[in-house]
Each structure stands twice: as structure tokens, then as C-alpha cells.
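Each of the next two complexes has subunit A plus one more chain, namely subunit B in the first and subunit C in the second.
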Partner chain A sequence: MLKALRDPLKYGFAVGRIRVRETKMLGANRLDRLIGAGDFYDQKRILVETDYGNFFQEAATPEDVEQALNDYLAVLYEFLEEIYPEKKILSYFRSRYDFHNLKVFLKAKYGEKSTERIWSKLGMLDAEVAKERVDEGNLDEIEEPYASALLEAMEKFEEDKDSQQIDVVLDRALHLYLYEVAKRQKNKFFLGYVKSLIDLANLKLFMRARNLNKEARFVEDALLDHGFIPKGDFISAYYDAPEVLIGKLKETPYAKIVQDSVAGQEFDLDFFDRKADDFLVSFLKPAKYIAVGLEPLISYIIAKENEVKALRIILIGRLSGVSAQTIKERVCAQYV
Partner chain B sequence: MAILKINPNRMELLKLRRRLAIAKRGHKLLKDKLDELMKQFLEQVRKNRDIRKEIEEKLAKAYQIFTIARAESSAEIIEEALFYPRMVTNIEISEKRLMGVRVPEFEAVQEGMFDCYGLSTTPAVLDKALFSLNEIVPLLIKLSEAEKAVELIAVEIEKTRRRVNALEHVLIPQLNETITYINMKLDEAERENRTRLMKIKEIVSEGTT
Partner chain C sequence: MNETLLLLNGYQWAVLAASLSVIFGGIGSCIGIASAAKMSAGVLAEDPDKFGGLLVLCILPGTQGIYGFITGLLVVVFFGLLGGDGKSIVLAQGVRIFLGCMPVMIMCLVSAIFQGAVSTAGVGMVAKRGEAAGQGMILSALVETYAVLSLVVSLFLIMAAQAG
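== the complex of A and B ==
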């Protein structure tokens, strides 16, 4: 079916609902008000005017804020399921919590620790069952792609008893899954977004590994597949001056961000992290002008996740005594 | 001050004089030791204060960076990231003697790296926070060494001061008084003897005339 005919049928209802909700997003002005608010109670008063209000009524500590934001995200994903019940799209957003839980269960198993409090309820897998299966080593009953990722992580860990390998393998598997979900949607915008996400994750990994003096072999193992930038470009530039990498990136939109992040022979990762988030938001912005399609749908959900992240920085930062100036520097650009 | 319970004779007098000489020499030595211990104590306290100040400054900075890392991602992600650490810190303990006080020396030997998490999904500021906290570990161990040294030296000062005071205010005055007492007793006995002899001489000379 032609895209012009197919999209209004498939996404019309969902995009209509989203357009209404977009008007209720916090936006830069309200976030500025929250940053400038005198204390947490002033911040709560501002939030009462928004759809976050109900979630923060009883909040008083950073843990309460965390809980309220998790509850909010759960409602957001329910909303997504309600307006667009395609499981794959929902799993794009929720699979990261499953991969997070699997990391926790594996580390708990090998470290003989309790997992209370640190596993997330936002995933799609039944966490209790998954934990039991991981503990028993019975991966047959865990669905793909989790089972094969778990198997690889377990083999890697058994090899050299290095807990970081669990994160490396599962992060790679998560991003591969995100890429496959985007690819199956056959939507250039969505695929472009995921590829940019992978590029920025690879750049961050490259810079952090350099700052931490890690070996090139680690980077080779940890780099994520299916970005726009070939993995080889990172590996060949690993031991060279930062200018070599910048040279390789000159045709990409990341060259300026990386160039501005260079601080001597190292990288200013605070700056890079902020600029990477801003870049992804700017990538999503054209979706506001697409009348009907998958683009406004995924952009809205990602924008809401960014909004939650910004709120976490503002509220927890204020509760922990971080200055308004520092908080302002850390909050990335917003979608609306 | 009560005197010692002894027989006031010349033998005891000699013994007590010897004890007094030893007590005075011991008192001087202990007093010198006390002065040196006080010097070492003040030096350790100063060292302790400097390290503590440095740690407090660095900790405040590290906690602020950590708070930012904590705010940038959910608590679950940060806790998962630090759930299974790869770095092991062993503390080697040896001893050194400081004015006779056995003071422990701690040395931290670190193995492995502090990053035990995925570098693509955790906030980059976490590296900075952990790097700052890791820098503080050797200082904390140095501080514990300095604090233990201060504690042990303080105990030794207290003990030495008690000994100096006991010598200065109890034993030496007691010995002095006892010696004076014996001297007086011996003088008395001498006088009695002389009077007795004079009386005998008088009786003898009366008998011959």
C-alpha cells in the first residue's frame, strides 16, 4: 500500500492523541522555572500544574522522586500500548529495562548478592521468572534475544571472571535489538535515529576508554554494530591523537561535537554527554512537522523519556544540594 | 607525706639513697621522654589535621560529582553499575617504633580497575566521580594510620605522665622524707650514745677519785 494511504490508517489515531499530549509537555520555560525554584516544595508546586502533579504529591526524598518518575514512565508506556498496540514498538522502549534486569540477575548470581531494589519493573519480561531461570542456568525458557545474549554473557564471564564483560555483552545485544526493531519498521527516520544513537554510544565508549587507558582489544569487543560510522574507524584511531578521529568524522554531523570535546590528549565527557543528548533531540525535532506516521509517535515517547531525565536531574539535583547553575548546564535541550 | 616502713639504720639509709638517685635519674629520663612524646604527638596531630582537611575537600568535590552522576540516570542503573566491583584493595600492615610506641603503618595495594560497568549506557560523569573517590582511598588509609598513631601516643603520654607524677610527687618526696627521718633517728641515737658514754666516763672518774 502507498505510504500516503497506509500511514493515516495505521498511525492516525495514535498521532492525534499525541498531538494533544505534546501541548502538555514541560518545555524549556517550565524546566527553567523548576531550576530557578527556591526549594523542592516550590518545585512540587510548579509540577502540580502539569500531568506530573499527581505522582509527586507525597514525594520528599530522592528515592520518592525516583519512584514517582518510574510510575510516570509506567503510565507513559501503558499509554503507548493503548494508542499503538504493536508489541515491537513498545519493546523498543521497554527492552532496555529487561536487559538492565538481566545484568542485575547475572551479577547477583556470580557475586552471590541480593537483587532487591535495583531491578526495574518497567521491563516486559516477568522479572521474578527471569531471575529464577538465570539462577538455575535454564535459559531455554527465556525468549530471544535475551537468551542468546545471556548465554554469551555467561560464557564471557566464565572465561575471565570479569564482571564488566556482562555489561559489554548485554549492552551490545540491547543495541543490536534496537537496531533490528527499527530496521523492521522500514522507516528511514527511525532507523537513522537508532544508527545515530549507536554512533554516539560508540563515540562515548571510545572517549571513556581512552580517558581510562583501556586496551584497544576492550574497545574492539565493546563497540556496537550498525552505526553510521564503521567500527574500524574507531579501532584504527584508538592510539592516535584525537585529531585523527576528528579527521575520520569530518563528513559526519558529529565532527564538531567531538572537536569541541577535546581537552588536550583527553576528552571532556561532561560536555560530550550533553551535546550528544542535544544532538539526538535535534534529530527528533523534524518529526513535529510530519503530519502522520511513525515519526511523531516515537519522537514523542523519546522526548517524554528525555523530559523525565531532565526532571530527575532537576529534582534530585536540588534535593541533593547541587547548584541551579550546575543543574542548568546538565539539562539537555527539549523537544518542544 | 607518709614515710616508708623501714628500720631506721645505716644500711637502709644507704639503700634509700641509692633508690633516690635511681628515682631522680628515672624521673629525668621519663620527663625527657614525655617532652619528646608531646613533640611527636603535636606533629602527628598536625599531620592528621592536614590529611583530614585534604580529604574533606576532596570528598565534598567527589560527592558533588557523584550526586550529578546519580541524578543523570536512575538509581537502578547506578546501583547495577557498581554492583559487582572489579577493584580489590588489600591493606598491608606493618609496625614502626616511635619513642618506644609501636605504631601501625598501613599501605593500600590496589588491583584491577574501578570501572566495572558498561561504558556506552552509563553516564560518563560516573567515571569522574569514581576516579575522584578512588584518589581518596589512599588518603583515608593514611588518615587512619595517623589517627591510630595519635591515639597510641596519647595513651603512652598518659602512662608516662602518670609515672613522672608518681616519681615527682610520691616516690622522691617519700624517699627524701624517709632519708631525713633515718638521719634524724641516727643523729638521735648518736646523741644518746654520746650522753651515755659521757655519763659512764663521769661515773668511772668519780670511782677512781
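== the complex of A and C ==
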């Protein structure tokens, strides 16, 4: 009853705005048209009818497309920042870019990869300042939860000289942060989404480690906490046939996804990624029928991010000469 | 005349009945209208052309406040609370007036809040499809039925209390 009184007053305005904007989303039909378009210029002509139109006027190369989509997301986050009553929700979405950037900066610091063009400006931290501070090792100036995650990652790397530890530590810190943000919202739907996300990340980690014949100890260290599936289920099934894990998952919606991802003695990770995305979209669908509350707001951001992801695959795929059929297979189901 | 129940005499029970009818109906309507109006404001910020359909959806939860007002006003007029006649209301009659107003007090409070929730959902429909305004109004009006029934019963009970 209290929720029914509170939610319309707290979220009503924001939900009203996004309900109208949802009608302007690309949807499956327009995505199909984009996939079937003759070339990139035909695709641009289709996009002119949408709110992406202005961002693609000058685009001609995959780099331009990437830039245009990032600009679009920056404007989207700005809009959401303006209307969302809970600013913390946006930190949930934007912190992912920060953690990604920190991984890139830290690896660059240890001579792993170039940072050119692969870091994002969509996070909450000023990426250039963060890079300088990571390079100098000046973590006092970086806010939490980034500073302690960086410190732990640096210590682990110094210990093992294994750059994978940077990914493991920062991924764990990111998911812990996402879980804490969701838990603070006291919203079952949001928390369920984050827990599913953690489960899927753990499943992928399990599969990748199996494909690479990693030791169980590595998986034990890298598995994330706070999912629906206990970490013990993964560890105890690690050296067994895939059927053992599938058996442990039989009460969950993941059993079929894992079953279908088995390819001989290995797991097909591309297939799993696509099915995991589809599963998350199907998780969001019930939010369409919730009139007002936090759920439609969260679903909208995720749906827009999926739309941008789909657009990236379609446009860059076409520019790179990938066939329409392959692109169609890679584009996940859409929320609208 | 000086008999009391819970420290209130007949006149005071009648005044309390009139006041609470207006207050509870008003509270329900305020919450119901605010719910629908807040979401409508969001829709209008994006698409001002939808004002017509949204206005009716926002107004609908306001009727309960009017029913509470009518009930309160009838108690004031029927029992002479404006003049000195009200002082002659005996305890039994005052309590009957109060009990007679209860259907409106409770139903208008509850139904306005729920009608606001249905109207809010209707606003979501209009945001997606402008032509759905009529359907949203009908769904919202279904909740209204019970506020109307409570008003009718309260009116009869007040008249019965007046007849003695």
C-alpha cells in the first residue's frame, strides 16, 4: 500500500517521460529494416527518421559510428540524470565504464596494452584525470569504491605478475558495487536483475575457464558473490561433465542456456552471450506492465543500452562487410 | 442533552461526521489526482498534444472529494449546524449521523487512491497510444462506482437520522 502511494509521486514524472520516449525506440521492425538495408548510407537514411539521426550525419567509418553511439549514450545519460529521482541508479550504470577504464589504465601502466581509443568517457570519473592518477599511483585522490579496488588489483598484480588478476579483482569490485547499489534500493526486481547478472557472469567465467583448462582454484578466486546460484555449485562441478552443472541448475532458468551452449567438450561462449542477453531482456519484459515505479526506469536504461549495442553490431557489421544473416543472429531480442 | 460518548455530545458527533467526510474524501482525491497528474506532467513534457485525454484521467479521482463535500454540507444543512438548532442534537442522533457518514468517509478515501492508481496506469496507456484515453477513462470510472454507492447509502442514512 505504501509503495502504491509513494511510487507515483516519486517516479511518476520520470516514468511519464520515458513512456513517451519508449514509443520512439527502434523496435524489432526498424532493426530488421536496418539489417536488410543495402548499405551504410541506406541505414543512415533509416536512422534519420529516429532520434539517432543527428548523431550519424557525418559518420562514414566504424570509428565514426562508435563515436556517434557514445555521444548518443552521453546525451541519454544526461537526460536520465535530469529526470531520475534516484541519482544513485545512474551511478549503477555509469560505474561500469569507470571500472572498464581503470582496467585499461592499470594494464597500460604495467605495459599490457595501449589505452588509445579503448577507454570510455561515459563513466562518472574524469577519465583523463583518473589515468594520470593511476599512472602516478596516486590513489588517495580517487574516490571509493574505485580506490580500494585499484589498490587490491595492484597488490595482486605485483604478487603474481598476471594481468588477469586485474580483471578478476576489478570485476569483483564492480559487481559488488552494483549489488550494493541495487540492495540499497530495496527493490526486488532490480536486485533480481543484478543477481541474475552475477549468475550469468559466473556461468561465463566457469565456461571460459573450462575451455582454457584453468585450475579450479582460479575459478574459486574469480567467482562473484551474491548471485542466486551458490559458488559451491560451480566449484563442485568444475571437473565433472557439463551435465553435472546442468543438473545443479535444473531448477533455474539457466539450465537450458547452458545445455544449448555445450559444443562437444567445450562451451560455445558466443552462443552463450547471445542467449544470456536474450534472457536478460526477457527478465525485463514484466516491467512493461508495471504502471509506475523504479522498474520501468531501470528497464528503459537497459533497453536503450541494448538498442545501442544492437545498432553497433548492425552498423559496424555492415561497414565491415558482415552478412545480414550473421548480423541478425548476433542481435539479441529487444525489450520494446 | 449533556450525554456524551467518548467525551463528545450529539452536536459534536455531527460536526465530526461532517468534518471527517470532507477531510477523508479530500485526502483520497488529493493523493489520486497527484499520482495521475505527476505522471501526466512527465508525458506532457514530451508530448504536449496529449493534454486533452490526460486532463480527464487526472480529474476522475477528484470526484470523491466532491462526494465528501456534499455529505458534509448536507449534515450541516439538515441538522442546522450553521444556526443554533444543531445544539439540540441528542447523543443517539449524533452517533447515527456519524455512522451514516462512515461509508463516504472510508470509501471515498480508499477508492480515490485506487482510482488514482488506475488513472496513472491510463496515463501510461495514453503516453503510448493517444487514442487509448477513452479506454483509460472507462477503466478508471469503474473504481468510481463504489464511491457513488457509498454516497447514496450515506445520504439515505443521514436522512434516516434526520427523520429520527
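What we mean here is this: the second predicted complex is superposed on the first by the 330 of 336 C-alpha atoms of A that agree within 3 Å, B and C clash if a C-alpha of one lies under 4 Å from a C-alpha of the other, contacts with A are read in each partner's own complex, and residues count from 1 in each chain.
As a working rule, a residue touches a chain if its C-beta (ideal position, glycine included) is under 8 Å from a C-beta of that chain, and two chains touch if they have at least 3 such contacts.
If you're wondering where the values come from, they're calculated on a predicted model, not measured in any experiment.
Peer 1: Once subunit A from each complex is brought into register, does subunit C clash with subunit B or fit beside it?
Peer 2: fit
Peer 1: Return first, second, both or neither, reflecting whether A:226 touches subunit B, subunit C, both chains, or no partner chain.
Peer 2: neither
Peer 1: For A:17, select first, second, both or neither according to whether it touches subunit B, subunit C, the two together, or no partner.
Peer 2: second
Peer 1: More residues of subunit A in touch with subunit C or with subunit B?
Peer 2: Of subunit B and subunit C, more residues of subunit A lie in contact with B.
Peer 1: On the A-aligned overlay, A:256 touches which partner chain: subunit B = first, subunit C = second, or both, or neither?
Peer 2: neither
Peer 1: Does the superposition put A:291 against subunit B (first), subunit C (second), both, or neither?
Peer 2: Second partner only, subunit C.
Peer 1: Looking at the superposed set of three chains, what is the minimum CA distance between subunit B and subunit C in Å?
Peer 2: Here the least C-alpha separation of subunit B and subunit C stands at 30 Å.
Peer 1: So in the complex, the part of subunit A that touches subunit B is made up of which residues?
Peer 2: Subunit A residues touching subunit B: 62-63, 66, 69-70, 96, 100, 103-104, 107-108, 110-111, 113, 117-120, 162-164, 166-168, 170-171, 174-175, 201-202, 204-205, 207-209, 211-212, 214, 222, 224, 269-270, 272-273, 309, 312-313, 316-317, 320-322, 326, 330.
Peer 1: Quick check: in the complex, which residue numbers of subunit C touch subunit A?
Peer 2: Against subunit A, subunit C makes touches at 31, 34-36, 38-47, 113, 116-117, 120-121, 123-124, 127-128.
Peer 1: Going by the contact rule set out above, which residues of subunit A touch subunit C in the complex?
Peer 2: 4-5, 8-9, 12-23, 83, 291-292
Peer 1: Where on subunit B does subunit A make contact in their complex?
Peer 2: On the subunit B side, the touching residues are 64, 67-68, 70-77, 79-81, 83-86, 113, 115-121, 123-125, 127-128.
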